[in-house]
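Following: one structure in structure tokens, then a few remarks.
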Amino acid sequence: MVPLSHVIWLSAALFTIGVIGALTRRNLIVILMSIELMLNAVNLSLVGFARVWGDLGGQVFVLMVIAVAAAEVAVGLGIVISLFRNRDSVNVEDVSLLKW
Amino acid sequence: MNGLPQVNVQAVVPTLYPAVGAMAVLVVEVLLAGRATFLGRPLTKGRVANYLGVLSAVALGLSVIAAAQSLVAGDSIPFDPESPMFRLDRFSSFAILVLGVGSMLGCLLSVNYLLELGISHGEYYCLLLAATTGMMFMVGAVDLLLVFVGLELMSIPIYVLAGFQRRNLRSNESALKYFLVGSFASAVLLYGMTLVYGATGSLDYATIRGAIDPTSPLALAGIALVIVGFAFKVSAVPFHQWTPDVYEGAPTAVTAYMSVTVKTAAFVALLRFLTEAVGPPASAVANLPGLFAALAVLTFVVGNVMAVIQSNVKRMLAYSSIAHGGYLLLGFVATTAEGYAAMLFYLLVYVFMNVGAFGVIVALANQGRDTDRFDDFAGLARTRPGLAALMTLFMVSLAGIPGTAGFMAKFGLFSAVVRAQHVGLAVLAVLASLISVYYYLRLPVLMYMREPAGEAPRAETDALEGIVLVICAIAVLVLGFFPNLGIFLGELRLLDLARASVASLF
Amino acid sequence: MVEAARALPTLAATPSTLLRWIPLLPLIAAVVHGVMLGLLRRTLSRGAVIALSVGSVIASFLLSVVAFGQLIGLPEGQRAFVDDVYTWIGAGRFSAEMSFLLDPLSAVMILVVTGVGSLIHVYSVGYMDDDHRDDKGFQRFFCYLNLFTFSMLMLVLGDNLLVLFLGWEGVGLCSYLLIGFWYMDKWNAYCGSKAFIVNRIGDFGFLLGIFLLFSSLAAAGHPTVAFRDIAAAFPRIAEQTVQMPDLLGGGEWKLATLIGVLFFVGAMGKSAQIPLYVWLPDAMAGPTPVSALIHAATMVTAGVYMVCRLNFVYTAGPGAAALVAWIGGVTALFAATIAITQTDIKKVLAYSTVSQLGYMFVAAGCGAFSGAIFHLATHAFFKALLFLGAGSVILAMHHEQDVDKMGGLRKAIPITHWTFLVGVLAISGIPFFSGFFSKDEILLAAHGAEQIPGHEALWAIGLFTAGLTALYMFRLYFRTFHGSFRGTSEQLHHVHEPAQTVLVPLVVLAVLSAAGGLIGVPQVYGDILGVKNANSLAHFLAQVVGLHEAEVPQAEELRLAALAVLVASIGIALAWWLYVQAPSVPQRVRESVGWAYRLLFGKYYVDELYDMLFVNPLKWISENVFYKGVDAGLVDGVLVNGSANAVQAVAARALKYLQSGFAQSYLFFMVAGALAIVAWLVV
Amino acid sequence: MPHLGPITIVTFLPAATALVLLVVPGLSERLWKHAAVASTVVTFLFSLRLFQGFDPTRTGYQFVEHVPWIPDYGIHYFVGIDGLSLLLVVMTTFLMPVTLVAAWNDVHRSVKSYVFFMLTLETGMLGAFVALNLFQFYVFWEVMLIPMYFIIGIWGGPRRVYAAVKFFLYTMFGSLLMFVAILVVYGLHSQQFGQPNLDLVAAPGTSLPGLLDTTIPLAGQAVWWKTQTWLFAAFALAFAIKVPMFPFHTWLPDAHVEAPTSGSVILAAVLLKMGTYGFLRLGVPLFPAAAIEFTPIIFGLALVGILYAALVAMVQADVKKLVAYSSVAHLGFVMLGMFAFNLEGVKGSILQMVNHGLSTGALFLLVGMIYERRHTRQIAQFGGIAKPMPVYAAMFGVVTMASIGLPMLNGFVGEYLILLGTWLASPWVSSAAAFGVVLAAVYMLWMYRRVFFGPVENPENRGLIDLDLREKLVMVAVVLPIVWIGAYPDYLLRRLDASVIDVLRRVEAASAQAASAPVTVDATRPGAALAFAHEAEGSR
Amino acid sequence: MTASAVLFYLFGALALGSAIAMVLNVRNTVAAALSLVVTMIALAGVFVLLDAFLVGAIQIMVYAGAIVVLFLFVVMLLNLRTDLFPPGRSFLPKVLGVVAALCLLALLVPRIGAHLPAPALLPEGFGGFRTVGLALFTRYLLPLEVASLLLLAAIVGAVVLAKRRID
């Protein structure tokens, strides 16, 4: 297999891209996608570590993360929809009624 | 390898009640939906809500009783003897007790409030119970995987609960912000867990503890990111910013519920992780106490200072809850059994005083509108003397004035901090709490020393709300004067048990 | 009490429970009046008031006489009665008994106090009778007067410094109340407060004196404040010295001197000596009997009494003695010069009192304590007489006090006139009137007081002041009773001799003023007449204050006496010339040395000076620097509210903007926080 | 608690009454007032029984009750009294009914809440005076703030909210730091004896030493915050704010001026004594060496307070504010005497606590009476009041005289002993302080003159009605002890010896220790006078 | 370099490229979603290369097949064809955030990379359906059950939030 460090590099890079996406994009749906990307990056690390340690826990963890991600997306999109109904916008910067 | 593993089901009994309850609520609502009468009485919307609320409360109550029994009995039952995954010991029993009580109070508080707001649906109780189940798994979990799943089971329903008032922009915004920041934080936490896993090759706490090398950057980075994830949940500065927005925007009953339970679950889970997986921090990671000290100071200072300028009571209480989180973080600085026990007791006390404070706001909610601005409280002592007195009691307790549970909690915690030789932190903490006295006292000032202005508040209190408030008030006083009073046939001495329960962490 | 003190050769004293009744009787009367007026708002009938008040004082006088008789009956040198009532204050080494001491010194004082006091009570019955300004004024007046008598008796009978101080403050209170008796007048009230406050400044010294004396004795192993114990223990500390701080000039002072000076500060206040005399002239705002009793005969002499009581301190501390003498001398002269120009009949008498008190201090300072007490007694007689006479004049003139509006009254009020003349003669030192003997003894003492620096000058001042005294007293006398009436004709029409109760005390006092000197005739006259121990007073007092033998040849002594008489005569003649013979001269003098006249008439502008130097700056600083600056500005403004505002400002101006309400900004803080935590742990 | 001891009864009777009144429905406001007066009178009578049963010759605490409360934390219900607390307890119970009667018409709205707060306040104050467990003390110390806060804030004057909040925060500021110091001492104690205990002294029948037996390090012997110096500083700050000592006094004028009459009376008479009591009960005995070390500072602040407050009082236009500042000056004397550390000074200081309670309390009562009639307290509005209100003037006069220290009235005895004691410690301080006595006369008499004397110029003052029977009774009740203490103070002073000697002995021991240590404190000063403590003990 | 290594770098580059494309594509939300799918699929390939066969399969099925479809549904539902918003507020937090994220990356990975464990020998069938499934239903039974409740709650929640009328 390839050196684990390369896997980690890839995973970290994807995670960082996700973070950057979540920080900079204003479309709520894209932000959600970025968060999904972050979860996926973590999955990559988990699989890598599971491989290195020869431990199945990591892989089971990935399955759980996928389930959680699905749930998160469902709820997140529900929130976006309900917000869109009230505001007619998916721009995250429009959502700043509550502050200070 | 074949067949089902030999598991101890009784280990998860306290968590099963709310889980089953969550499903039962859905079923019962559907069953009741088609009927015009039930038990010979016409089935109004209000009555359905009451049935569902009480049903949920009963589920939680059973869980509390089970936890209390386990707490008194003091056994330590792993779910699976080979790889424990979840352990019902005194520590988790205590936390489950706290969570159960907090959820139960939040549940009862919701019934009439949701009706007032016109959003009374059975799904609410289902979500609340599911979240509570998640928390209970979190506090008993001794495996990173279960902690994560429990945490998500807690978070996701609460995102929904925060946005439960769908037509309300603030509620929407609350849910969205909580969700965005929350799932981001989950990802960070998850990354941290992964790194810990990578460093040790195991998700099981006991194994991790055996394998962890406290000098390895991999493990340290993992620990750091796990702390970040939990710091978000306990709203430690600088991960606190969602708190005021979410608390203010969410329906008040939800705020009451989540403000106490999420904090408890997160603190307890973090405590368990740090002690059982990482090991006693003093010996394991040298500069961990320093990190927590910095976090704690930042948190209680920022929380208290920001609370001063608020004009919305819920938002003020949000900042106050940030500040309380700051005090609680001091327990991690002390790293002594005394300090951890004090944290547990503090969390218990915090349930009563904070639910009480939010409960008063709930009891004032009128015709779909929250009366949560400071101005709404002017002259309340005239119009609603009972509620004003209760609110004063809760404020006094939150401020930590002796004679209330809030003081006993601070006494224990600060005492532990001082004994752990961190007197400077204790001084900072008390000075910060001096600031808090100022804003807590603003409510009594308004209620007692100003004339009523604007529209009159709701005229009467719902019975369930009344019960919750009275329970909270009694608890605040009893825990303030006799924290170790034996309840439940004299066996449940909470202060002793808090001390006994952290013994298993060492 | 500490055992060591008992071991000292303290003068033995005979117990007697009689003593307590002497002050108690007036107290009972005062309390009855006080409760009636202050609580029940009921007045007793006029007769009842008189019976109670005057009766109690007269009874107390009779008791004093009895006690005096018993005292005389004791063997010489052991004449002391003591009455221990209870322990008043006890703390640690300090213990003050509520106990009374009757020894020769206090015996003389109680006789003067109750004697003159009785007369003035009687006089007041007549004098206050026409006081209709306040419906309850009559009883109130007697209430205060009784209270005063009680306090004064406590002062002189007290067995220790604390009881003395109790009386000392008590008389101050009564003085305050009585000066402001007609409280509806702002001026009177002002004068009362002024008297109290100036006295307080004196008391400050007195208190410190007590402390220093007590602590020194305590350090020597004899913590006590009882007079007899102090007297016995004092020699042990008499020779000690103290290092003064540089602030006060540094140097070593004798302890006794320092103690003496501190006590004398107290005396300065009570006995109106420079620089604390300013209250006494203003005290004339009170009713005239009050001026007579308190501000002439008794209270103001308390300082003299105290100095005599503590004579051993001044004997051991020559510096203090010199200070006493010189302050006394300067005050005597200073007050006399002011008296020359005053036109208010009571003011003249007031300054005269200040001046005469100065004489007493000269005597005390020169070691002639019995001389001081002697002059105290005779002064009590003649000054009471003069004040009562003045009161009689004022009554006759319907509360007109300005001598410029009087004149030629000798025919309208003859009894008053004659008795007043006796008083004037006595104060002027005309031979064989009481003042002659007492003043002579003082001048003689000053003349022979080698231990006082510049004692000759002191003597000369005394002599000159005697002339001035004669001048201003006769000026007063002539302006009042001779010449032509200068008031309105209506006033003249109403002038009449006052009631019997007013006149009887006048006559009695006149007799005492004339003959009172016989109790202390200097031995020189005794030698001439062949009487041994002629100065019975001095011998009587010797047990307490020691015997002050004049070491002057007989001829010298007579020569000095003649000189004094001569000076007085010149004064009288000058007065006669100026105010009877050539009444226009004073006006011309006044115009030719206008500044000097104004200086004197304006009483050297001391009051104004004090206001400018102390009162106004203090008020200004308190208001602007302390109250508005430190309290409101610094402590409250900057520290208290400032810190609260700072917290608020941090939140409202800075922290608030971090909580921007934008979710992505929150995410940024999370990332930054995560970076910080990772860096903390990993790096 | 199976057996109610006398102290418990005295302490909790008022609060119990309040609770009963709260629970029983349908009682009229009048009945509440009557019940409150009755309850406080009964409390007073019970406290007299304490007084009567008190044995002045015994050292240590009497009427002790010791019941486990939260024993795991070393927290017990532990009460007892010695001479010091005896006097303060009796003063408190005495002033409570007097104040309630005096304020009969003071409060018009929410009478029930008012009565409730007054009664709980009394329990709070008494509880603090009798507490022998530090936790218990702290609880009562803080709890009494709340009723007071409401009394000022609800029934006060126009700036009541500001005053109430300022009062509360100011006091909290000090007590929170003290709280940390308490925790440090607590930690030291359990470190040294292995078992947590917050009792001040070993309770009868138990073997665990009390906090006073803890060895608290001197400067240089431990980390800074474990040293007496810093711990004392924290305690002293809390107490100094409460006393209040300059420059922590600025809450007082506001609180006094805004509080209703009864609030002012209790605040001045009792609450301020908490500070001085705290110094003597806790600050000095726990940290004797630090107390010696701090003496110059305390002396300095007390002295500045005496002179400064007097000068500021002089220029006040509001009678109540003037009296408030006079309190600061008076308490400066109390502090001075206490830190003289000799029997004369400390006993005088304790007596002066009582004296100040009576005379300043009475002054506030009197100011309240005129305020009720005229609704102003501005001196300039008055003048010539003695004419329409002679009885009032007489009472005011007596109390004024007591307050400026006229012999035969109570103020003198205390001030005299304090100044004497201070003189024995430091003549210069005493001299300067004695000048404060002069200033006291200046501002009090000046005020008295402007209010009572002169012609009645303001027509509104012409029709003033003199005191009625109730007010007269109140004033007589207060004036009688004023005179009694002035005439026979030794009756009370005798009861103080044992407790004062106990404190002084600690100071003496610390001073001796410091003298033998290389770091020499000026041992001559406080130590010299102390040698006599034993002597006096023997002779009494 | 073995074939698996080649494939790894290939998939890795693909995943990275499409992830960047997703973030950078500010015009078209649908295109962003499709970029995400590519990332997911590429990652599934990497999973398989790392002996996680079941996981790789589920990755494709759930992520690519369900989650991204859900995204697309919502995008269509809300009719969000373009992703153009009015000019946003200050860039500072975003720029700082990106810098911080990159710092985190730069700080973390080199340190971690130096301390990684060595690969272990794998047991038979590691990552296969059987082994993973067995683990899931024995050792990880409890998390699995909890996850089921989580999914239930998520469904209820999504329904509550998104259903047009529940009142």
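When the chains are written out, they are named A, B, C, D and E in that same order, and each has its own residue count from 1.
Here, contacts are C-beta pairs under 8 Å (C-beta built on N, C-alpha and C of every residue); 3 or more make two chains touch, one makes a residue touch a chain.
Predicted model only: the values in this text are computed from it and were never measured.
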*Chain-contact steps, minimal, separating chain B from chain A*: 1
_Contacts common to chain B and chain C (chain labels)_ = A, D, E
*asked:* With contacts counted as defined, which of the two, C-D or B-E, has more C-beta pairs across the interface?
replied: C-D
*Could you work out which chain's C-alpha centre is the most distant one from the centre of chain E?*
C
_Please identify the chain with the largest separation between its CA centroid and the CA centroid of chain A._
C
*asked:* By Cα centroids, which chain is closest to the centre of the whole protein?
replied: D
*Would you kindly tell me how far, in whole Å, the mean C-alpha position of chain E lies from that of chain D?*
70
*Could you give the separation in Å between the centres of chain A and chain C, each centre being the mean of its C-alpha atoms?*
97
_On a C-alpha centroid basis, what's the spacing between chain A and chain E, in Å?_
6
*What is the distance in Å between the mean C-alpha positions of chain C and chain E?*
103
*Multi-chain contact residues (two or more partners), chain E*: 89, 93-94, 97, 101, 104, 108, 111-112, 116-117, 139-140, 143, 147, 150, 153-154, 157-161
*What parts of chain B, by residue number, touch at least two of the other chains?*
145, 149, 152, 156, 159-160, 163, 166, 175-177, 180, 184, 195, 198, 201, 217, 221, 244-245, 309, 438
*Where does chain D touch two or more other chains at once, residue-wise?*
169
_Graph class of chain-chain contacts, one of line, ring, star, complete, other_ = other
_Per the touch rule above, enumerate the chain pairs that touch, sorted by label._
A-B, A-C, A-E, B-C, B-D, B-E, C-D, C-E
_Touch list for chain C against partner chain A, complex_ = 656, 659-664, 667-668, 671
*chain B residues within the chain E interface of the complex*: 1, 4-5, 7, 12, 19, 22-23, 26, 79-80, 82-83, 85-86, 118-119, 121, 123, 126-127, 130-131, 133-134, 137, 143, 145-146, 149-150, 152-153, 156-157, 159-160, 163-164, 166, 175, 195, 198-199, 201, 216-218, 221
*asked:* Which residues of chain A touch chain B once you look at their complex with the stated criterion?
replied: 8, 15, 18-19, 22, 28, 31, 35, 38-39, 41-42, 45-46, 48-49, 52-53, 55, 57-58, 60-61, 64-65, 68, 71-72, 75-76, 78-80, 82-83, 85-87, 92, 95-100
_Taking the touch rule as given, give the residues of chain B at its contact with chain C in the complex, in rising order._
176-177, 180-181, 184-185, 188, 217, 220-221, 223-225, 227-228, 231-232, 238-239, 241-242, 244-245, 285, 287-288, 290-291, 294, 302, 305-306, 308-309, 435, 438
*In their shared complex, at which residues does chain A touch chain E?*
1-2, 4-10, 12-21, 23-27, 29-30, 32-34, 36-37, 40, 43-44, 47-48, 50-54, 56-57, 59-60, 62-64, 66-75, 77-82, 84, 90-91, 93
